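Naming follows writing order (A, B, C, D and E), and every chain is counted from residue 1.
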Amino acid sequence: MDQFAQQLVNGLTLGSLYALIAVGYTVVYGIVQLINFAHGEIFMIGAFGALSTWLIFFEGETALWTLPFMIAGAIAASVTTAVLMERVAYRPLRGAPRLAPLITAIGISVFLQEFIRLFYGRMPFVDFPDAKQRVPFPQIDVVTGPAFEVGNVTIQRSALFTIGCLIMCAAGLWFFVNRTKTGRGMQAVSQDPDTARLMGINVNRIIVVAFAVGATLAAVAGVAQGLQVTNINFRMGFLAGLKAFTAAVLGGIGNVWGAVVGGLTLGIVEAMAVQFIPGTFGGSPWKDVWAFVLLILVLVFRPQGILGAKVVDRA
Amino acid sequence: MSAMLEVRDLEVSYGKIKAVKGISFSVDEGEVVTLIGTNGAGKTTTLRTISGLLRPSAGSITFQGQDLTKVEAHDIVQLGLAHSPEGRRIFPRLTVEENLLLGAFSRKDKDIDSDLQAAFELFPILEERRAQPAGTFSGGEQQMLAMGRAMMSRPKLLMLDEPSMGLSPLMMKRIMTTVTTLQQQGTTILLVEQNAQAALKRATKGYVLEVGKIVLTGSGEELLTSEDVRKAYLGED
Amino acid sequence: MSKYSLPDSVRTAHGAKAPWLAIAGGALIILSGLLSWSYDDRILGDLSIRFYPAGIQIYAMLFGVIAVVLGALLLRRPAWLSPARGLRFLGVTAFVFVVWVAAAISYQSGGLINVNEGAYVALAGAVLTAAAGFLSPEVDVDVMAWPRLSSTVEILIIVVLMAVLLFTLAYTLEIDDGVIFASFLVALIALVGGLLATGFGAYLGFIGANNRRPLLLAAFLVAFLFPFTQDGSDANMSIATQILIFAATALGLNIVVGLAGLLDLGYIAFLGTGAYVGAMLSTSAFATVDIKPPFVVVMLIGAATAAVFGLIIGSPTLRVSGDYLAIVTLGFGEIFRLAMFNLDGNNGPSLTNGPNGIPGIPDLNFFGFDFGEVHTVAGIPLGRFSNYYFLLLLLLMFVMLVFTRLNDSRIGRGWVAIREDERAAEAMGVNTFGLKLLAFAVGAALAGLAGTIKAHVDTSVTPDQYIFLESAFLLSAVVLGGMGTVLGVLVGATILKLLPEKLREVNEYRLLMFGLLLVVMMRFRPEGLIASKRRQLEFHEEDEELSELLQAEHLQEAK
Amino acid sequence: MTVTEPQSTGHQVGEKVVLEANGVTMRFGGLTAVDDVSMKVHEGEIVGLIGPNGAGKTTFFNCLTGMYIPTEGRVELNGQTLPPKPLKVVKAGMARTFQNIRLFANMTALENVMVGRYCRTSSMALTSILRGPKFRREEEATRVRAQELLDYVGLARSTELLARNMPYGDQRRLEIARALATDPQLLLLDEPTAGMNPKETEETMHLIRKIRDSGLAVVVIEHDMRFIFNLCDRVLCLVRGALLVEGTPGEVQSDHRVIEAYIGGDDEEESA
Amino acid sequence: GCGTRGESDSESTGGSGSSENKVAKIGVIAPLSGDLAALGKGISNSVDLAIKQANEAGTIPGWTLELAAEDDEAKPDVGKNAATKLASDADVVGVVGTLNSSVAQSVQPVLASANIVMVSPANTNPSLTQGADFATAPKRTYPNYFRTCTTDSVQGPFAARYLFETAGIKEVATVHDKKTYGQGLVDAFAAEFTKLGGKVVAAETINPDDDKYDAVISKIKPSNPKTVYYGGEYPQAGPFSQQMKAAGLNVPLMGGDGIYSGEFIKLAGDTAEGDLATSVGAPTDTLESAKDFIAAYEAAGYAEPYEAYGAYAFDAANAIIQALKVSLASADSAEASRQATIDAMSDVSFDGVTGAVAFDEFGDTTSRVLTVYGVKGGKWEAVNTAEFK
């Protein structure tokens, strides 16, 4: 039982991270029907943005007050990258068949990874560590350090931070999508951009907002990841992005709650698989396999995802 | 008196194909103006250009004295020009009510609720099904929703593109009556129709388009009785 | 196209001068080849000697010759060619070429001062050529006016073209200076692009279509002769084998993506399946399965296993479509990689040797023909990779056969219908599910086949060869080259495998450039370099000119 | 009010029942789109299906053709119960067109029709790769039959045009040719004249008659009353999913319930 | 068409050299990029140093040695490609590398079929020299393969004895990354540890692509190990150590030479204090024999430190050079000397930086010295150096 509770906590932590990233996939997909493969890299850039902020302004300082600045730095880096990417690469492809933006997304994803790998350590004016290998991430007081023990369950500080971030972001997002006009505009654009324009909706602005919102959450996730695993690297976006995308699809892509539910489900499944699948097909090396198996099963039996709405194709 | 909408020498192309080849017409305040013509004559193209979805390759469009050719589609709505597009184009995964509210997206005033009620009165089915995803509506139902939605922006000029397409006779009458009602309430209307008879009967002015050019102009009645029109568009020989 | 031209008034006023401008420009460029381009004689194969052109200067002179020819053609105004467009393209790219070479000279020898008169003359020639292109009137190419030649002459053209191709290929691979290689590529793009822009390419395509068999025969002859141009060196042959494996796999993927319109992001797993089957059933000391059937049987097992996986992966297509299918395939791809990573006895049965992979796979041996040995044919030694090259070429031919014949059949039509509107296709009696499964199974089997050979060519099989990035590479080869076409995929595969090998100077930046390439390509030519016309339409819905061209071709064929 | 013209052909409806639908019901959540509808279609008969928008006509078609799995009810073609699978329905001999044209836009007219032959041909992967004489024969036969059908619907000269480039009216006809290519015994047409001008409508009417005369049964949905009442042997009117009235054109158009629910008040000139 | 020019060209560049020396290349296959680049660069720099010294001293008359360094990214497949490339270069006569045993497995057959001698400074897995059944029926697998470092059949037990006997720890959990090295090391360790009477309370594996290990750590934790023995490399071990402690599993992590690098401490952070590692040989900087090497390395101004394997790579390169002295003397081309170089290897014996360098009948080094290090004050410090018996 303790072990169950312990892995539940682990799963929730992992899942929160997935969920934060997944929201970005979902929001963008919902609007432009684009699998933004580069979103994982936005998450990675968020982490590097936070690290850079810390290195430039606070190197050596680990007090809690630096954290908000790091998060701000992360968001600035992620949002800038995401918005630029939308402007330069995706916008010209509006209306092109699906495959074109998808390939572009893969291209951007590779490009961003390589860019950080090759140039992070060679930026002008600043002395950043070489990013060709893992780079240590600052451990901030209060949100890292000795874990809390609740009964026999250990709860890490960074886990609390991550889960907290998710709760706050999700609440904000819910309000934004359902209670603001921009949110409703987003939904309209997602279904028929041309007609949305006829309603007086500035489609380009809405799309930029979607990218920015996704990037903001990814940036927060980047910081959380850095605090949890103590180091970051240019590759971290790939698998995390893949899992987050899986989570988004699992939950029902296009649906913000789906992303959250999908992320948490995926995280918990992974943690439980490590602990409870007996025999040689259990354990850590198989956990990703179980995650993908779950995805495939869900898609086959409920193609629209856990919370997704059924797409109507009327003849 | 200058016209509310003035289109001059408008040309629009899709790639190399010119779909609209220099047409001019005007709509005065309070009028119902109708464009009729064969399939592919360029009616839809004209409307889409006026509302900013397409850019003209030549010519000018002025609405209440303002040049529209460089204004973004979403800003044109704010000026009071609504467009109910061909093929309804409702938002399929949003509910009926959400669709209607989107019609009022660019409005900042507080009367949205009363307009919503007005739309429900006009089309009771919309109220009955207000929470149903609009994509599951039948064609006619969708058309009503599209009209209701366009009205929600409280337009000064409402452009309707084939509002009767695929509608039952009864429903078509209802839609046509609505056009009259709207006109009486002070909305100017630019109507594109295949059902020339019904359209011309209500029109103060009509234009006949053929392959991108205006070939005939006149009041609704004149056109209705014109020999050419009767032959080509009313199926009488 | 008209947006790239000068105002009509200028063109009518000066249009008559255009041919002479072109001829003058071409002559200048030819002359420049005889002059010195660079003061420094140590770089770029020595461009410093007058009246003794080196590689780069010869490329330039080719520009000149073509400019002169086009100029002369402009005087005669043929209806089926548009020399103006050719000149425009040629002029602009020649300009880029000269600037690039000058930049390379300046960079390598430290200063613009080292650029000699030849480069400036060439630059002037390029400007004149471009000017001619922009000045001359736009002629719409009339495909109906294509000259009809006797089939002997047509076949002769094909043979000459193929010989040129072989020569170019051998020549290209011989270059080992990265800058010269890049210059050559620029020149090649300029020359070929220029010719295509005139509409000559379309005409060649037409000739090719009239003589499909001779064309194919000639093409394969060229391919078979290629190893003999390598003088026993294995360096290029090893790249060539990689290209062939990659191309065969990409063609298999093209069945799934290009023909059936299903996005597969985990396709590399099928190649991996074949490779692992090949490795496990080989006599490597690390092979885990004790059955050692002959290689032909191994190939069949590899293909069959992959096909079964293809069916499994394809089965969700019954319920899942579009982007969801993409993610399912991606998931399967990852599952494959992880499974190969894990099945080492620690986690699951001991089959794949885990992350360490199965090394030491021996060379193939067909009835005493040892693929690892050097064999001498007609006095020319053919090394290990040449041996595999021939085997792989056979495989590729087989894959192409399967691809084209399926495409041009009832099944191919069914696939197009599915791509266009799946629901409607189903309602018209097309067995959509069956056809989608078939696409997956056939594609997978072909990749599996390639995989079994790959295991032996590579001598080792590891899980990191089958990561997502590799699937992305495959997909890129398909998309860059042109979806749904054989030639396109071959070109795409060659580009993606050859460039990184040849441009070693920038090896570190190769992924960065790959990423950029994808983005730029999708922006400017999303249908790929050599696109099937139908696909091109799908990407450019508004392009009426194109759809008319396609119709015209249909009409030609129908005659 | 009468729009019926005297029947031009002295046509006789056959005795044989081609289609029999029994108690077809389709529910979406709480909404009953088709409510216990039964219908019989005889050989050589043209049946009209009318009803207000949202009455469930298209949905009924979808149930017949297996695009939807009906909640209740049974569909029989020539006495055989049809499974709700589009593929099997087509094979059994029922074909349809769509309310919104759904052609394969980037294929030529001929290719579109050849796709329609898919279910009547059989060469599979291996045959296609090996290209035996059987394959060639079948391919040729497909091409010939497709061309015949194009000639039949009056598109003889459009063979090599891309579907997307064809005029609207021709596209509708091409859809019919494609449906005919499946060798149906029953043809379902969903608003075949929507968006057509009166002249084109007239031509379509002739085409449908010609098809009927060749022995097929036709069910057609239309809102154009003149079209329906001139063309059909029998008319069914659906309202809110349920069958309201069934009868000859004359009976139906004078039924006050139909007028009230569908045609509307006595206001002739509106119904063009 | 410009053949003559091409020839004159190569003459002008080649001819600008001062002597008529023929060229022989010594290859390096090591991770020059990626997470293990720190160790790989140390190896390639040290080989470079050895080559420079040999050229300066004119060790092999008539020949100039050159370095041909290839990156293997620590991946078997990439390493194999690097080996193929080196093998097809006729000038290559020997290869120093690889770092990872798993990569070596793929490289060995390629170099063996080209008869190129391969000396690894860092591969510690015993099967590379003695075959899969090294414990019961040792059998030399590749005659061209040698190494200058001790193997894990020594390193594992050495660690086990240290933990059990010196540190008094009776319960450990083991974790490894499934690679040849990690798994082999853990196997050797566990066998000895249980033989001594200790208990392996949990045995887990991880996937090196992962960066979060909480689930595994949570699974191990209830079994209350007193130390976690990790078989693998520092890019995973560092974060693993840190996360272990963040998750409340406050016991030391111990590993092999794969974690003995400054990078481990950087990645593991403050909580690395007390973690342990074994590595081959005695600490380089304490060796009298290494003074010159260290000085020369520093003087050469390499950007990266020589790290754990610099000295071994230097010795490996010198072993090849010793053999080349014999083989190249009578050869007229580099390629022709390949077999002779292999043959000459078994007679190589000299006093290297790390001690006496010589190889036994399997190609293994004759030295069996190892050291236990511990993290103290953010640095690795030698705790105990001993010869394993």
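Keep this in mind: contacts are C-beta pairs under 8 Å (C-beta built on N, C-alpha and C of every residue); 3 or more make two chains touch, one makes a residue touch a chain.
Because the structure is predicted, anything quoted here is derived from the model rather than measured.
Note on connectivity: the fewest steps through touching chains from chain B to chain D is 1. Among the other chains, the CA centroid farthest from that of chain D is the one of E. Taking the mean Cα position of each chain as its centre, B sits at the greatest distance from chain C.
Centre-to-centre separation of chain A and chain D, using mean CA positions: 50 Å. Centre to centre, using the average C-alpha position, chain B and chain E are separated by 78 Å.
Measuring from the averaged C-alpha position of chain A to that of chain C gives a distance of 36 Å. Residue positions of chain A touching 2 or more other chains, listed in rising order: 283, 285, 288, 314-315.
Within chain E, residues 178, 205, 207 each touch two or more of the remaining chains.
Annotation for chain B: residues 136 touch two or more other chains. On the side of chain B, the complex with chain D involves touching residues 38-40, 87, 125, 132, 136-141, 143, 162, 165-174, 176, 194-198, 201, 232-236.
On the side of chain C, the complex with chain A involves touching residues 257, 263, 316, 319-324, 326-328, 330-332, 334-335, 338-339, 341-342, 346-349, 423, 427, 468-469, 472, 475-476, 479, 483, 508-509, 511-512, 514-519, 521-523, 526, 538-539. Across the interface of their complex, chain C is touched by residues 1-2, 5-6, 9, 12-13, 75-77, 80, 84, 88, 102, 105-106, 108-110, 113, 132, 141, 177-180, 183, 205, 207-208 of chain E.
Residues 181, 184-185, 187-188, 190-192, 194-203, 309, 311-312, 314 of chain A are the ones touching chain B in the complex. Those residues of chain C that touch chain E in the shared complex are 42, 45-46, 52-55, 58, 234-235, 238, 285-286, 338, 341-342, 344, 346-347, 354-357, 359-360, 372, 458-460, 462, 464-465.
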